[in-house]
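Heads up, the next two complexes both have subunit A, just with different partners, subunit B and then subunit C.
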Partner chain A sequence: MKSKRRGLYATVAAWVALGILGLLFDGWLLSQMAIYFCYGMFAMGLSLIWGQAGILSFGQAIFFGAGAYGFALVTLNKIPGLGVSVAMGFVVAIVLATALAAVIASLTFAARGLSGAHFAIVTLCAAVVVETATTRSDYLGGYNGLFGIPPLSWNGTMIGDHALYYLMLSITLLAFLSVVAIIRSPYGTLLEAIRDNEHRVRHLGYVPHHLKSAAFILAGALSGLAGALFAAQFGFVSPSLLGFALSTQVLVWVAVGGRAVPMAAMLGALVVPGAENMLSNVLGDVWLLVIGVLFVAVVVAARGGVFGNLLRLPLPQRLRE
Partner chain B sequence: MSTSAPMLKVDGLVKRFGGVVALDGISFEIEEGSVHAILGPNGCGKTTLFNLIDGSLKTTAGRVEFDGHRIDGLSSSKIVRMGIARKFQVPGVFNDLTVAQNLEVALAGEDGRFGFLGLLLARPERVRRDRLAEVAGLTEKLEYAVAELSHGEKQRLEIAMLLTRNVRLLLLDEPTAGMSVTETEAIAELVCVLRDEHGLTVLVVEHDLLFVKTLGAPILVANDGKIIASGDYDAISQDPRVVQSYLGAAANA
Partner chain C sequence: MEFVLDTLNYFSVLMLVVLGLVVIFGLMNVINMAHGEFILIGAYTVVAVTSAGGSFWLALVIGSLVAGLAGLLVELLVVRHIYTRFIDTILATWGVSLVLKQTVIVIFGPTGQSVQNPLPGVMNVFGVEYPRMRILIIGMAFGLTVVLYLALFSSRLGLKLRAVIANRDMASTLGLNTRRMDMASFSLGAGLAGFAGALMSPMISVDPQLGVGFLIPSFLSILLGGLNSLLGPILGVGAISGSTNLIAGWLSQADTQVIVFLLAILVIRLFPEGILKRRQK
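Now for the complex of A and B:
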């Protein structure tokens, strides 16, 4: 039993450590870390569909970018009648990302029974199409994107670095708890069963594409929220947020961290871009080699990812004797 | 229970795969509460028959009725929800999951909770789960990964997973494939328990003569997509067509 609880202790320790980090740093570095929590949430969404349900998507940035653009459009007052409220920005961001995920799910899982490599290719193409279309749209700012998104504020004053860090940490923790609640429910068990043998799931009376669509839409919504929070902190959105490149990056973060364990995927999304930020100055293009080798090593040798085994939570009590 | 209408009625069922005629006009009826076996050599169309009954494949011609309702053309999930559950020839269990998780998948949708929200909020009953684990003989192995189980254990687990509250007809595709003689006898016993204690109707397809004999149920003998004889074991084993087309082949196998 002791070894089984290790994952729980390690997970709690990781959150405590993230809390303490906020006390050790300030300024640019701290705000950078706050932005990475957006990647962390984005990664947990991917972990839900890829790690839990085995749905490999090369288009997750569509939803992250949709959230970012949705937030930008509202806060820059580009949607007539909605005003410029930050709250409305988040609502539009999440609704937009959710709707796009629902459309893609209904065109793929539901209508065509697509899965596996076919689904991956369709999502890849969708990401390329959405990115290209965005660069052509003047309304969305074309290549340059949209600038001047107002920073998050409270009663008219800008939220300081530390407050922002802890705000982001709290939102990410909530997202983590939600994802964990989902995957530890019987629905989560069904997603795992679909990953293992979708055919058998159908022959037990379920409609797998409904269950997969639900997961895909939830992941889309979470990615949309992450994208909106990103836009709010970064102050600027551009087509690369919607595209193939970011979609692939998040796959790498999640694979390196550990796709089947949300906390591991989240840490992958903090550590990999964080290391990239620090090391790419020093290593230059060698960095790409390092991350490439790490990715291959994980895929070949450590399928659970770097943090997966350490942070895997014990099964829910009801599934133990 | 002897009602006027049979529970399952298969009428003139034909299935062609391109030029291959897998089923060539099969008809039979099954009464509620009975156990029947369909015996036939490999490739005679047994699995195809199940694929047609449970909606995995479309029929070329003919019809399938369950409780007097036509079911061919319905989706597999609908047919399962009507109460027809199937055990696959290659055990359809979830190898990456534990025994307890496998049983949770089987039971979570009971009482119509097949959708996302129903499953998210479902509170699975421990008692039911433990009962099925007992049927599977896996009470001590709830936390084992299914990949670690023996072939026979997987077969029993899969049968147990079919025993949801709403199941009424079990389709068992070669449930003793790859089993020892003792395990085979245990499965025959289990099938009788399912009929007598769970009140289930069971249709077994098998190529293994020994199992069908042990089962002691009425037998339909199939060959080349047709039913060529029927009766109890003694009757069919005397039938010259059966001896020639099936027993002869089995003796050489």
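Now for the complex of A and C:
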């Protein structure tokens, strides 16, 4: 019994540690850490579809980037009639990402659907297409992207470093609790069943492509929110946010962290790029090499990833013997 | 005429890359995302050998061998553990591609390098002045394709390979060493990619992102053509290279890429045969 609870204690301890970190640092480092929470949320979205439902997407950055661009377009007043409010920015970001996810889901999952390999390669192509198309659009700023997105403020004053860190921590915690609630619900169990054997789920009277589409759209919405928060803090969006590179990086973070456990996936997204950023150029290249080797090792031998087994929550009550 | 030659040139380069992928996928059912990095290995070997004073032609041979050896290592260390887990092979070979690319960056640095053209000048083909090196690439690609297909259909080794492709378990029961065939085909596929990379290195800027650029068109070619017949991939390569050059006639390169990829996705969505059909067997 005690060992089953270990994951719960470890998860709570990890959140407490993230809370304490906010007290230890300040200035530039703290604002960097706040930005990484966006990657954390993005990673949890991928964990939901990949770790739980077994949908391997090579194009998740499409939705992250759509959120970032959506937020940027509104706050820079490039969409007439919507005003420049931050709230409207978040609404547009999430709606845009959700709509794109719905379109891709309806094109790929419907009818007999695409197999895993086809889906992976088609999403990969889609990410390249979206990235290239964005660089060709003057409205979206082309190669240079969009500059000067106003920072988040409250009653006219800019939110300070510490307040921003804890704001991001709270939003990420909420996202984490939502993802965990989905995974532990009966719907989450169905997603797991689809991952293990889609054919049997179909024969039990469910429609797998509806269930998969719903998960894909939820992950898209979460990625959109993460992208909008990223744009708000970074102040600048560029085509690389919705392309091939970020799509594949997030796969690596999530796999190394632990794909089936949202908390592990999130920590992967904090640690891997965080360390890369801290290290110097030469060491950074070596670090990427190390991460590449670790990624291969995790895929071949240890599906749980580095943090997965430690942070795995106990089964929901209804599934216990 | 120049349009035909340009199309043939792209077709040839893509064909060389796809041949290696087809060998690996056909035999082992492994989608090799690291294929582009074997191209990279071939090209960078040429950079290393020629800057050490070796001739381009020597470098061409060494480049193919080094890539083939790297392929053998990848097969032994990674692929053989997971070739029954289809989706994981995509991920693991993607990881391998990151590792190989990063190794190249650590050794050679992230910037582009150039290789001196061993066959400068132009020659007259059907009334068009065309670079001699490109003619050589076209000739080599066609020659290699013919050799490979002859080897597959009229040699003992080819017979064994086709037996394993048709029914792996049965071939193994009949005494064929499928493990050795896997190793051989993976390093052959990697070697072909290395050869492609080495051969085209004088015509391009050799930089670490080179492999990724070939990955998507070559996979699209395979998915488009399907692998049910050996002609499929050739048709796929023809469709991708033909439409790319056709559209590039009046649009920019970036727009062309967007349109070709979208068309390919559409066709794959409407006719998801190829890989699917083999998988469902």
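Everything below uses one rule, namely that the second predicted complex is superposed on the first by the 315 of 321 C-alpha atoms of A that agree within 3 Å, B and C clash if a C-alpha of one lies under 4 Å from a C-alpha of the other, contacts with A are read in each partner's own complex, and residues count from 1 in each chain.
Keep this in mind: a contact is a pair of C-beta atoms (placed from the backbone, for glycine too) under 8 Å apart; a residue touches a chain by one contact, two chains touch by 3 or more.
Computed from a predicted structure; not experimentally measured.
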item	value
Contacts of A:L8 with subunit B and subunit C, given as first, second, both or neither	neither
First (subunit B), second (subunit C), both or neither touched by A:F295	second
Partner chain(s) touched by A:L211 [first = subunit B, second = subunit C, both, neither]	first
First (subunit B), second (subunit C), both or neither touched by A:N197	first
Contacts of A:L315 with subunit B and subunit C, given as first, second, both or neither	first
First (subunit B), second (subunit C), both or neither touched by A:T189	first
Subunit B versus subunit C as contact partner of A:T108, first or second or both or neither	second
Subunit C versus subunit B, contacts on subunit A by residue	C
Touching partner for A:L23 - first (subunit B), second (subunit C), both, neither	neither
Common interface residues of subunit A - those touching subunit B in one complex and subunit C in the other	none
Subunit B residues touching subunit A - in the complex, by the definition given at the top	54, 56, 75-77, 80-81, 85-86, 88, 92-98, 100-102, 104-106, 108-109, 114-116, 119-122, 124, 126, 142-143, 161, 164
Residues of subunit C that touch subunit A when the two form their complex	31, 78, 81-82, 86-88, 90-92, 94-96, 98-99, 102-103, 105-106, 212, 216, 219-220, 223, 252, 254-255, 257-258, 261-262, 264-265, 268-269, 272, 275-276, 279
Residues of subunit A that touch subunit C when the two form their complex	54, 56, 107-108, 112, 114-118, 120-122, 124-126, 128-129, 132-133, 135-136, 244, 248, 251-252, 255, 285-286, 288-289, 291-293, 295-296, 299-301
Partner subunit B, residues of subunit A touching it in the complex	182, 185-187, 189-190, 192-193, 195-197, 199-207, 210-211, 214, 315, 318-321
